[in-house]
Every structure is written in C-alpha cells, then in structure tokens.
C-alpha cells in the first residue's frame, strides 16, 4: 500500500469518526416548564424514542460502512485521481448522513414521516452508488488492486454492492407506504454488510 | 498486534476524542438583556454551575474510559467480528454520553433532577455492560489475548468490570433519592478506574 | 520528511477532516406545524436547495484544498517557524469556511444574496493568499523543499497559486452582480485545483 | 519515546484539533427580516466583529498551545499516571475554551464586557497552571525526560511557564478595567509562546 493510500484511508477514517459522533448533536434536551418534575421529564424522554431509534440505527449503519470501507482499502495497491473522486463522493454522502437522520428523528412520529423516511432511504441509495463507483474505479480489471487478490473476492464484493442497489430503492418505495419499514430495511442491511467478507482465506472454506 | 487491531484502536480513539470535545457545545452562553452589566453576567455564569459540574465530571469519566480502553487493547493479539460488535456497542454509548450530560446540566437544579440523574447513571450502567462484553469476547479463554498475558491480569480486570455493574446500578437507584448523589457516584468511580492496572509488572509487586 | 513535518501534516489533516464534516451542522431540519404532511415536508426540503448546493460546493472545495495541501507537503524536507505561521493562517481560514457557507445557504435565495456570496468568495481570496504564503515560505529558493524536486514543479505550482488570486477576486466582484455566479466560480475552480500536479514524473510527459 | 507516549500525544492532538475547529460553531449567521438586502446584511456582518476577533485571537492561542504541547512532548522519555492527570487537566481546559470564547464574542461590545473578558482570561490562568503542572510532573528532577536533555532547556521552559502565571493574572485584573485590554494581553502572549524554544541546539547559540 502506498503512502498516498494510507493517507487517504486515514483522512476517510477521520470523516467517518466525526460524522458518527456528530449524530448525537441532533438529539435535543427537552425544554419543559421550570416546575416540571421527574414524571414530566420521564414522559418527555419517552417521546424522544424516534431520536434514539434513528441515532442507534444510523450509528450501526455508519459503523458498518466504515468496516466495509476498510475492507475495500485492504485490497488496494494504490489510488489514482479517478478513485479519489469516487471516494470523495462517498465521503460527501457520509458527512451528509446526520441531516437525514435528524429529519427522520423529527418526523418519524408525525404525518410527514413517509417523506422523511424516503429522504433518509434515498441517502442510502446514494451511498450504495458511491460504493459501486469505488468498485468500478478500483476493482474493474484489477486496476488499483494489489497482486494476489483473486477474481473470486472481487466478484463477491461486486455482487454484494450491486445487490444493495435494488434493496435500497425498495426501501425508498416502502417508506412511502410505511415510514418505519423503509428505515427498518436500511438499518437491517447493516447485518448483511457486516457479514461481507473481503478476504480470500474465508472465501476458500466457503467454496469448499 | 495486527494492522486490523491498530486500526480499530485508532478509530475508537477518534470517537473518544470527538465525544469528549463535543461536551462543551452543550454549555450555552447566557442570553441577557442588552443593558445587562458585569454583575448580571457574573450572576448568570454562577447559575451555570450544573453545566460546569456535569462537564468536568463527564470529561474525567470519558478520559478514564479512554485510558482503560487503551489498557485493554494493549492485551490484544488480534480482533474478530464478535469483538468488533462489542467494541461498536461501547462506541455507540460513548458517542451517546453528551446527551445525558446536557440533560443533567439542564435539570440538576430543577424538580426533574432525579429523572435526569437516573438517566445519566443508566448510561453508565450500559457502558459498564459494554466493557464486560469486551472482556467476554476477548479475554475469556484468552481468545484474542496475546501470549504472555497472565491469568492474574485478566482475572483482575474481570473482577473490576463485574464489580462496576452493581455500583452503577446503585447509582441509578441513589439518583432517585438524591440527584447529586447518583452523579457523584458515577463521577467518583473514575478514580477507581484510573487505578485499574492492565500490566503484569505492577501485579507482581502488589502480590508480593 | 522529519517527524515534525509528519506531525504538522497530521494535525492539519485533522482540522481539514473536522471542518469538512461540520458543514452539515449548518443545514437545519425544517420546523413545520405538527399536522404538516408528506407534501408539506417535501416542499420544505425543496426550499433548502441553497443549503444543499452550498454544502456540496464547499465540500468539493475543501476536499480539493486538502488534496493540494498534501501534494505540497510531499515536496517538503522539513518545516520551520515561518512556515508554521503560514500553515496556521491557512488552517485559520479553513476552520472559518463553515461560517460563510452557512451565510450563503441562508441568503442565496433572498435579497442579501450578493453580500453573502461576496463574503463567501472573499474567504476564498484569503485561502488563496494563504497558499501563496505557503509557497513563499517553503518553495522560494527551495528553502524547505527536499532534494530532487525540480524547479519546473515548483514553478508550475507557483503559477497556479498566483493565477488563482485574480480569479477569486473576480469571483468577489461577480458576486455583487450575480450571487450564484460568484459562488459558481469558486466552486468550479476545484476542478482546476484537482488537476494541479505536484509530481515530477507527470511533468516530464507533459513537457515531452 | 514509548508507544504509550506516542498514543497520549496523538489523543491530545485530536482534542486540540477538534477544539480549534469547534470555535467557528459559535459564530452565528445573522437573522434578518426576509426583505433585508445587501446593505443590511453587510451591516449585520460588521456588527459581528467581536465574534471574528475572538475567533481569530483564540485560534492563534490554541494553535500556539498545541505547538508548545508538542515541543514539551518531544522532551519526554515516557509518561506515568501522575503526568496523565496533569495532561488530562490541560485537555479539560482546552476543550473548555470554546465556551469563554463564545461568551467574549457575545458580550465584548456590551455592558457585561468586563465580566466576559475576565472569565476568558481566567481560563488562560487555568491553562497556564496546567502547563506548570506538566513541568512539575515530568521535568522536575528529569523524572520523565529522555537522556540528553540539558538542565538549561528545562530551566528555560520552567521560567517561561512560571512567568506566564502573573501575566495572565494581570490580564484578569486588566479585564475589569478594560475588557479589550484583558483579551489583548492573552492573545498577544501567543507571540511569546510561539518563540519559546524546546531544543538544545538553539539554546547554545543563544548562550554563546
């Protein structure tokens, strides 16, 4: 891995770490009248459930995206300009995530929930496109891939990334029918991504 | 220590550093009428004491958690998926901490103080559970531990983590009786955690 | 590259990564009446277009500045105090960027758009000056440049940095005539900066 | 330098970088009536001068504190628990700085300016105490200092840190007389700190 690659990875890590930590700033302390007691505060905290849910679900998603980002970088021999643009597009969307998360938290228990959830899911469609662009600029014809990485691994990753696209689009559609369902699909997918394997040695037992 | 381990530790460090620095954003500059003079501003700053107290106490707690996190990582030979989930759960709670801190600061001198303090302490119960999960996924049967780390060290850490659980639960209960007491127990414990030793060479003189 | 140089670069990277991630905090979730439905929320999101545009344009600009910053650091043998001041001045302006971005987002579709856009563009004039100061303190007479870097490379960088100055000044002027044009010039320039080459090996084919 | 020392330094760097970048969040975009034009927005931006001044002055101060922090760490052979507490106290105050900065920005052109400025300067007294504690825990009797660092260097640093204390106390007092003067003293001192030399080779020509 070149010095340049290490550096781009470190910068990306920083952006992931900051974006994931900024999520909490969107949960606001309830403003209650001065005389409000423990019961009122407890009730007010319970009404924050959409914020807690959006926070936890999105945290899991970004963390899994970071793990996948690292898995992908491990395959790289070097980076070039075209790849830097694709990676930059991914980082743009990662830093954007706190906004749809806050939107979802604010509207999940209100009439505008479908629009908020669809917007949230649409952001994930964009992120999926960015991962597919990473693959296209780096892994196609093994362009930037280090020697020794098998076709099998690259093909497995390509399929997973491609498969993600229709599922996230489905989540956008589902959000219009049921806001919670759209969010649920996006959040559930992190279990799928967490299971994606970027290493050859795991591929072999699986193929055996 | 593998490249993977170093990387997870660096990412976790970033999250700790950002979470600890975001705490200050919850202390708001007092809004006073334009003609308010030095005396009024001084008085307004004094009424911010719950914010300053919550900031300082939580800063000490997160800093000590970071020191313990590093101490634990020093024992590791490698990481695996199960450990990554446990560590991810810990990071989720660390990034969450600014919210209960802001809540405590807003309600510590008001009738809802008990609920706010109990919520704050409950977050620490969760963090303690996360540390116990780190131990279970990494240290049980020396699964991910590097050679040469003695049973004695792992056992000492296990006991400290387990002991933390009832104390933090006690803090939640105490918070319902006296808000300041709950917060005080959580904050005082960082002296206990700061004293926890992750190294063998210290264990020997202690046993001598 | 000395340990000192690596350290200054790492600190600068952190500042770039944080500034680029803070941009999103300036996009606020729309506050609508509780009964507002999907159509109203959709409409409210569409009125946020100046925020989305300012976010995306500025993200691209800061990312390209970071790439250029790294390209420049790759030429360095060491750093000295004078260079640290120039670099500190650049970081001051980079951390400042979220403010003019938020200003532009708030006023781009309102009567004050020209003033907001001119202020935004003026920040980029300042950043351009900072890059020229980096060149002057480091590259003039090869002061802090590592051996083997050709005059041709340094001269190419100098010209690009100098050329940026009148263009950004032009953007300030253009902003008073058409707010979007000023912002457009600043944002379009990142394609120019992304194409600036800091390496000798690319220079040779270009010269052949 | 031990792995532990490198790690504490990296964590501290992260806290410095985040604190310095968060400063900008305290400058708020002016809220004007929708019909406000360029002239009104220009005027509103000019009334933000205390924010810009506090931002620039504090940025320079934190950047210089970071440079000094690194200079000091370069002298270290290792760290121990006592030093970690002193360093943690310093970091607590560094993360605190955005609050007094926002306070100063909000009140510098209002009747409460003296109180705000004195509070700001008092934070710097605290930071100076923290640097003196760093010296006491690390440099006294060369406790944690690496071999080859001369008494002369340590003595020079000790004197500079000690000298800072009465000057910052003076700034607090001066702030009660003239708010701008207190802030000015604190900000001007960064030129003094930027000139403090942590290396032996510079000491010798100075002594020659």
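A, B, C and D label the chains in the order they appear, each numbered from 1.
Just so we're on the same page, a contact is a pair of C-beta atoms (placed from the backbone, for glycine too) under 8 Å apart; a residue touches a chain by one contact, two chains touch by 3 or more.
All values reported here derive from a predicted model rather than from experimental measurement.
> Write the angle of the rotation needed to overlay subunit A on subunit B, where the fit uses Cα atoms and the result is rounded to the nearest 5°.
90
> Which is it for copies subunit B and subunit D: same residues on both faces, with over half shared, or different residues?
different
> If you average the CA atoms of subunit B and of subunit D, how far apart do the two points sit, in angstrom?
Comparing mean C-alpha positions, subunit D is 26 Å from subunit B.
> With centres defined as the mean C-alpha position, give me the subunit B-subunit C separation in Å.
About 37 Å, centre to centre.
> Which residues does subunit C have that touch at least 2 chains other than itself?
Residue numbers touching two or more other chains: 14, 18, 22, 25.
> Should the pattern of chain-chain touching be classed as line, ring, star, complete or other?
Shape = ring; chains linked end to end, path closes on itself.
> By the touch definition up top, name every chain pair that qualifies.
A-B, A-C, B-D, C-D
> Given the complex with subunit C, which residues does subunit D contribute to the contact?
These residues of subunit D touch subunit C: 13-14, 16-18, 20-25, 27, 29, 32, 34-42, 45, 55-56, 59-60, 63, 66-67, 70, 194.
> Which subunit A residues qualify as touching subunit C in the complex?
The contact residues of subunit A facing subunit C are 7, 10-11, 14-15, 18-19, 22, 25-26, 81, 84-85, 88, 91-92, 95-96, 98-99, 102-103, 106-107, 110-116, 119, 176.
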